[in-house]
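Notes follow once the structure below has been shown.
By letter and in written order, the chains are A, B and C; residue numbering begins at 1 in each of them.
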Amino acid sequence: MPMSAQPPILSIENLAIGLTSGGVPTPIVSGADMTIGAGEAVGVVGESGSGKSLTALAIGGMLPAPLSVLSGRIVLDGTEITRLPEAAFHRVRGVKVGYVFQDPLNALNPTRTTGKHLIDVLRRHNHMSASEAYDKAVAALSSVGITQPDDRMRAYPHQLSGGMRQRVLIAMALVCNPRLLIADEPTTALDVTVQARIVDLFRGIRARGISIMFISHNLDLVLEFCDAVVVMYGGRIMEKGSAVEIGATPRHPYTRALMDCIPRLASRSRQLRVIPGQPPTVLGKLAGCPFAERCERALDVCRQRQPDMTVESPTHAFACWNPAPSPAVPS
Amino acid sequence: MLVGVVAALALLAPILPIRDPLALDLGHRLAAPGAHHLLGTDQAGRDVLSRIIWGSRESLQIALSAVLLGCLFGVTLGLIAGYKNGSILEMVITRCFDVLFSIPLLVLAIALLGILGARPVEILGFTLTDKIKLVGLIGLSFTPALGRIAYASALVEAKADYVRAKKAQGAGWIELVFVEIFPNAVPSVIVQATLFVGVAIIVEASLSFVGLGVQPPTPSWGTMLADARNYIFSGEWWVAVFPGLAICATVVGFNLLGDALRDLLDPRGGAKSTFV
Amino acid sequence: MIGFLAKRLAFAVTVVIAVSFLIFAMARLVPTSPAYLVLGADAGHAEVAAFEAKYGLDRPLLAQYGTWIHGVVTRFDFGVSFVSGRPISTEVAETLPVTLELILVSMVLCLAISIPLGVISAFQSGGFVDHALRVVSVLGVSTPGFWLGLVLILLLSVKAGWLPPGDLPRLSDGVGPHLLALILPCFCLAIYYTAIISRMTRSSVMEVLHQDYVRTAVAMGLSKTKIRMIYILRNGLIPIISVAAMSCGYMFGWAIVIEQVFNIPGICRALLAAIFARDYNLMQAAVLVITLAFVLLNFLADIGYRLLNPRVSW
């Protein structure tokens, strides 16, 4: 992780998200810590239900009821935004942080043209005339690689391809120049060839100095594209570190299991591994490590006590009682 | 619950300790509700309570048969059209549904009832009584809606793997449609049919009210209200109010039953508003 | 778009012709000649033959239908009433506007109540309005409009004397009494569809509420009002157009009963009277006109739906 002298764009400290019923808080995500520096791309990896999307939604104050932030701090660009009132979040979302979601098919209003989508966002956050907003919107479209932006301004979402819709959504997220872009599985619903081009687009965005939180279940993609990686499971952070460190020496068994799930041309002979068992259900929390039930290296202590973060290097830490040996030897 | 009570009353009408709904008692015409006649008497001295209970038999009988008839036609046609996806048969059936949807069926039914007349008509050796005519026309008007529901689920199921597997094993289309596909259409059809029973009761009452449905002196809720119409100005309110309340209660019952069945058989939604 | 309109129009015309022919044929296939109804059951053969010749009833069915529909289309001539002897076009011209007014006012009333109600209960689902709507809508779809009419006449006209119990004074005789007389019948006609449409609005809006594009709009920091008005209502209310048009059409059926209860001189009451008098000329004219109105409404709704919904191709 390149250490920047500047303060981070986003820092999340000991965040817990969950629901409170009858005064008893039940966390679904807990102990989430991460920072994203200026111009840095951080990948958050995990299976569905690992809490990665909830963490992302919490930043913009968009947790669906009855979920809420139970404890911890979220600091965005030097301002604490953990418990802002809903009205104040209107000045955070779209302005300081832009969101891009998974399924571009339904993410755009079917009865509104591309242009109106962009102009809606622009005029909401800036005092500008309609023609100014129009020009800005056209510029935004061409900046995300859409050709003939003038024509596309008049197109309805159903007239665009999936990749094109995703580009429009990215343009919307960036049109007010936020410093952080949160992309929740932005390429999952797309064809492989389109995926690659959208990832290229994200590289270009990072090169413009915009920080990116890239949420994905595809560890390979994240290792390739991001500077740093956070691996989540069952609402907790399992391991985090720079992409180089995680890629070379993953210490947490879960991270290693994720890597073994990825088919590699180089290791043709090896069978593709599956992780046995199911991800934990949200409310049936155990005292120990959430991954213990499915872990090959699990010890008795794993089921009894939650492991603390072990610091491996200034940029690499993991939460495991019985980590894989370092340097990792392929089994 | 309500449906159960009404059904029980209707079934038990002959053995309940109530007065003869047809017995005239000219000495007690238009008697107000009281100990002797719980809900009063009508213009011919007949007991309103007993006429309501006997009337429920007519209403339920007609409404249930009409809905069953609609289900029979609609579901059969809908399933076949859905299964024979892409065929001429599908086009013909769905076009028929379209046509039936785009005409004022109730108006047409009323006109046809009028043409056929109130008295029994003999057509092709069949005697069409007033009730059979009612059942036929109300049932017909439910056919397209029920048919479309069955059609929609058959369209989906016909493409499902298990149906294809059966087909590969050499099952005939009749078996496929009625054994494999039909059960999947049942929940949504039952929900809609239950709701339609309520509609049928109201339609029957309306038709009887204007004189095109059940013919006097048979007690039916609609005819009772038609008679009562003349007395609302002179103050005998009970003859108008109680039969209508009976209709309301019964139809509410069927609607609640339909809603409950929907929640039970067809669970969807229920989530609370998230963002806005 | 032209292709769609042409196809849709052709379908509408076919439906109207089919329905009118069905009624026309049914009326003539019934064994008893209308002559006996007009002249009396003991009319002689010569008299009946003369009557049938006068009205062309002795000609083949298709020829009769051809002449009739030709007259309707080219000269707005529906023939004359067997009973009153007056031209039916006059009857239609007198009664149709009354029914149209009744139905349009009812529909406006219905939408004015049901859409806000449905929208509010969707936005505040689980709230007071939502619960109230659940109860009221079940009662609304379960109450026969004509009985409600009787009860309201009893309460508001006979007992309280606030509203007229029936009849519809002409608009030219004063706007006040005319509107006053419309209140009860329109309410009774509207209540069923108010219940239906408010529930449909609720579920339609609820569905849109959970769409991804609403989440996108929230994530872009758009204002609540904008999201509700532009993103949710626009999409949520599109399906209501077709439902409203269908309901408008069905109201013609219920209007037969309501016009009867409130003694309103509309085309639906004329139809019922014609049915009882076996005045087939008037009856088939009324059915034709009602069908025409019904089909036209659906046609307009279809166009409106397509204009508002860019996803549907023409």
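Everything that follows uses one rule, which is that a contact is a pair of C-beta atoms (placed from the backbone, for glycine too) under 8 Å apart; a residue touches a chain by one contact, two chains touch by 3 or more.
Note that the coordinates shown come from a computational prediction; the quantities given were computed from them, not determined experimentally.
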| item | value |
| --- | --- |
| Most distant chain from chain B, judged by the mean position of its C-alpha atoms | A |
| Result of counting contacting C-beta pairs for B-C and A-C, higher pair | B-C |
| Distance from the mean Cα position of chain C to that of chain A, given in whole angstrom | 55 |
| CA centroid of chain B to CA centroid of chain C, Å | 21 |
| Where chain A touches two or more other chains, by residue | 62 |
| Multi-partner residues of chain C (at least 2 other chains) | 215, 218 |
| Shared interface positions of chain B, touching two or more other chains | 272-275 |
| Footprint of chain C on chain A - complex, ascending | 60, 62, 89-95, 98-99, 101, 103, 105-112, 120-121, 124-125, 156, 158, 169, 172-173 |
| Chain C-facing residues of chain B, complex | 98-99, 101-108, 110-117, 198, 202, 205-206, 209-212, 225, 228-229, 232-233, 235, 237, 240-241, 243-244, 247-248, 251-252, 255-256, 259, 269, 271-276 |
| Chain C to chain B touching residues, read off their complex | 11-12, 15, 18-19, 22-23, 26-27, 30, 122-126, 138-139, 141-144, 146-148, 150-151, 153-154, 158, 165, 203, 206-207, 209-210, 214-215, 218, 224, 227-228, 232, 246, 249-250, 252-254, 256-257, 260-261, 268, 271-272, 274-276, 280, 283, 287, 290-291, 294-295, 298 |
| In the complex, chain C residues that touch chain A | 211-213, 215-223, 226, 230-231, 234-235, 238, 308-311 |
